[in-house]
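Order of writing sets the labels: A, B and C. Residues in every chain begin at 1.
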């Protein structure tokens, strides 16, 4: 499979600034494409409908519903995110490609059943005052989204980035167009449009996967066998997504910072808007991160483990380890530099940006701290990625747990301290986790050969 | 023997057996069985050490009354491996290991205190446990260090695994030594792992320790290892020079077994060999001359009177190879010789008499050779047979081994009135041509040929089979030689003496 | 029914259900009755389509029909309408349309680095071939002789085997044993190949059999040529090779077979037969330079020096094996 790494390296080899920008541009699109498109798509639906109809309340209900759908589906599919990716990687290593498709089907079924059960329960308990159609649409949207993330992840771990970006673009175009056409039917119309787009996305990926990865049998559950999976990865996936959403959820449900929107859903306008805007700022950092991880680090990593496997001298194994450390350090440092620069630039223009979108300058301080916080979160993501490469599952769970716990505690603390501290909880939690992550990563690298050789099969 | 001490101990002598009695048939096993049955007044505990459990089938011998204990340990069992977990390891214990390895490299005798500490700490929680060796940081730093300083071969991976596989059994041995039943003396029937077990147990418990070597363990290992296919050598395809280089990993293994041998020799009070050749070899490998003895094997000639009387008047036109079907017996040379013999004397048959369950691949290869040489009619595999039944039916005993010590089958054949043809290995020449002056005067009791020489083997076989006068002379010389020099009684007397000394110390 | 018929039937029924749903929407029903009717129709539709899909799967996916059915049903129940549409299109199209070959016909592979550290030649004794033999014969120290033996591993097998045979008579046990096991290993390899080929012969027929016979003959020849077999055994192998070759040559003449037969006959001292075989090789198109030197040798052995000269003269010097060139120069 021609991975994106391969593509990027080819562009980079031509050695000119134009190419360099080309490479980073491509990386930017493919690394952050799906979620930028989904954020932009949903916002676009909101903004355009807002300009068309006077039904502000319904549009807000729509936006909040979608946000909850995203948060809940990401957290739920986070359960399987790493554990299944790892399972696939192991089977590829065993040369058992034929098992993959059937197990992906198994995963989709498991997710569907889980999503259906959870969705039905929550909708039955907390949404009694909403229309049946709304509840049905929410349920369908939830199931589709819960399934969409695993298949997207699967395709991206198969390095089919271009395909993902193209399909996402098509899917959200459909969603926007359909929502606008159905906007006359209010909240339900908008949700139907979105469901159309997401369904198109999901079933297109579904189709692509069935077509590209044939195998024996239609549905299997090998990935649930205890001997083939690592439970630590389940916790990592769950905790990381939970940690990322923890501060938002707290703000949504804290009486001081939120208001009821629809059913049991609440939102925190002052917190939500700046943070979703801030998330758009990590595109450059993501691009750098992808280029470094997919090209340099993956290469250095392969060199090291090939040297180990194929019986190189210890001297060279050490050298390759050092090179790998250097590449990882440079990569993280580069993410830091680029993201830092981006933050500074956005800082300088932040007032103009907010006013251009029509958001009150009162949100400015919160926007600033959120910029720093999401940048730090990106660093954490890079560190975790290196740790995944090194198969440091235990460390990753600890990091996620730390991020989760500190985010909850510090966010609650920040709400106690008052409005001027909003956002600092999340930022500090991310910073603490990054520092802890750096320390643990460096220790991991120090003991890499010892652990690789002496503790293999752990 | 004082009864009060005897009551406390499970047995008088612990026999340490590596890959032989009572699970494998063969010369050494037969010898062990003889010793046990020949000394009914002494009790024995048997400690059997094997490689992989699956290689050993049923027990092949009924244990005599005076065997009071049997325990088996399999050194290549990997099922025992625990789940890896990081640990630091005892720095002090590893320092002792380093100094032990230094002395091994220098070739000097290991100082007693170092040995004591190493043996005491091996496999113990406070010292170096098996897990410490496998997973600790100290252990890693020692491997890392040794590789950098000594290994001349590129692949660290190979080195790493060799070191692991090599040392892992030692921890099991230490455990075996600690759990050994109470005995009053140790007697190992080889060096190698059994020898090391003896050394550890004797060191830990202050027990007297004797070694009897039939072959020379270290030497046999060395030959194996120089050729073993499972070790890959770095290939030097570029230079086109001829060099002597034996891969580092091979040398590492060879040195390992040399060190095991040396440790056992240092610790033993008595070191027995079967004949002069091996005696010299032991001295060369580090045995102290004052503690060595030569005790040849013996048999009871009367046991073969029946077989001798059953012998027909005419010489049976049958060449017999009595021995296990394993590479070291070089059955293939026998089969090849049969090809030439049959060209000359088409009615001659070749019988291969011995168990075939030890090396199935080799048995298959031999059978293939028989069919590829078109000898299906003349060469027969008879499996294990009672010697007394088979000996009268043979016209000549042929032994094509590439390595032997003092083969009992030759003594047995002689006692049954059967001349022998053997390769020039071990004590064969002594047995067939005589050692001392008066022994030589008895004349040859068969013929000696170079190893792996089917031509010479065939030539000499034909000569003896088709020359009744020479055959008769050889028969007489053989009978006389066994009666004079190789009786059981003298062998038992010597071993009684060794045990007596040990038990009364 | 065939899968195609299942799909057609399913689609018809599905359209019917859809129409019914339309009717339900148009009828003036109370809200809860309407929902109930729709739910019922939805359930029916999901059951129907799941059933059809399970029947329409390509054979190798039909394994666990019950689980597949449950999977499809759940997916459709959770996503009304769109789920049915997506599952049908996605699964049927993906599994039944012909797949185009992988879109990556080639892949870029980085230039591998030169591996490992160089050998340190200064630590090693380097022998010449003659020197090696000398060491084996003269060196007093058995270790030296052992090392010399190990060095033969890098020699041409024929010469190595010669030296190893000599070492079998060494006074020291170790040297003999090592030499033996090295010989044994070389022989084992050939014997193994021979055994496999012989087995194959018992079941093969036609052109494949000829090929196997040819290879077996080559291996038998190699056994003798390398000196692994001697005396009666060597004769036995050579005779077998000759027999195999003659059998092949009945079915068709190939000059390389004739040439090998010639060499086998020569080794068997059947000079007349060898001459015939070589002549046949020439007639069947063998290169003169490959055959004439043997003919010259045969002529020499029967003291026909004129023929030696004429055979050698028929060869072009630059196409001759370098080893025979001085011979040619001496004769012409």
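Things worth noting here:
Convention: contacts are C-beta pairs under 8 Å (C-beta built on N, C-alpha and C of every residue); 3 or more make two chains touch, one makes a residue touch a chain.
All values derive from a computational prediction rather than experimental measurement.
Taken pairwise by the contact criterion, the protein chains are fully connected, each one touching every other. At the centre of the protein atoms shown, by the Cα-centroid criterion, sits C.
As a whole-number value, the distance joining the C-alpha centres of chain A and chain B reads 66 Å.
Each chain gets one centre point, the mean of its Cα atoms, and the points for chain A and chain C are 48 Å apart. Annotation: 40 Å between the Cα-based centres of chain B and chain C.
Among the residues of chain A, those touching two or more other chains are numbered 312-313, 315. Shown for chain C are the residues in touch with two or more other chains, namely 115-117.
Shared interface positions of chain B, i.e. residues touching 2 or more other chains, are given as 154. If you check the complex, the residues on chain B that touch chain C are 152, 154, 219, 222-224, 226-227, 229, 234, 236, 239, 241-246, 277, 327, 330, 332, 336, 339-340, 343, 365, 368-369, 371-374, 402-403, 425, 450-455, 458.
Within the complex formed with chain A, the residues of chain C that make contact are 35, 57, 60-64, 67-68, 70-71, 74-75, 77-80, 82-83, 85-87, 89-91, 93-95, 97, 99, 104, 107-108, 115-117. By the touch criterion stated above, chain B contacts chain A in their complex at residues 83-86, 134-137, 139-140, 143-144, 147-148, 154-158, 160. By the touch criterion given at the top, residues 115-117, 119-121, 123-129, 132, 147-148, 150-152, 154-155, 168-169, 173-174, 176-178, 180-185, 188, 191-192, 194-195, 198, 229-233, 236 of chain C touch chain B in their complex.
Residues 308-315, 317, 447, 449-451, 453-458 of chain A are the ones touching chain B in the complex.
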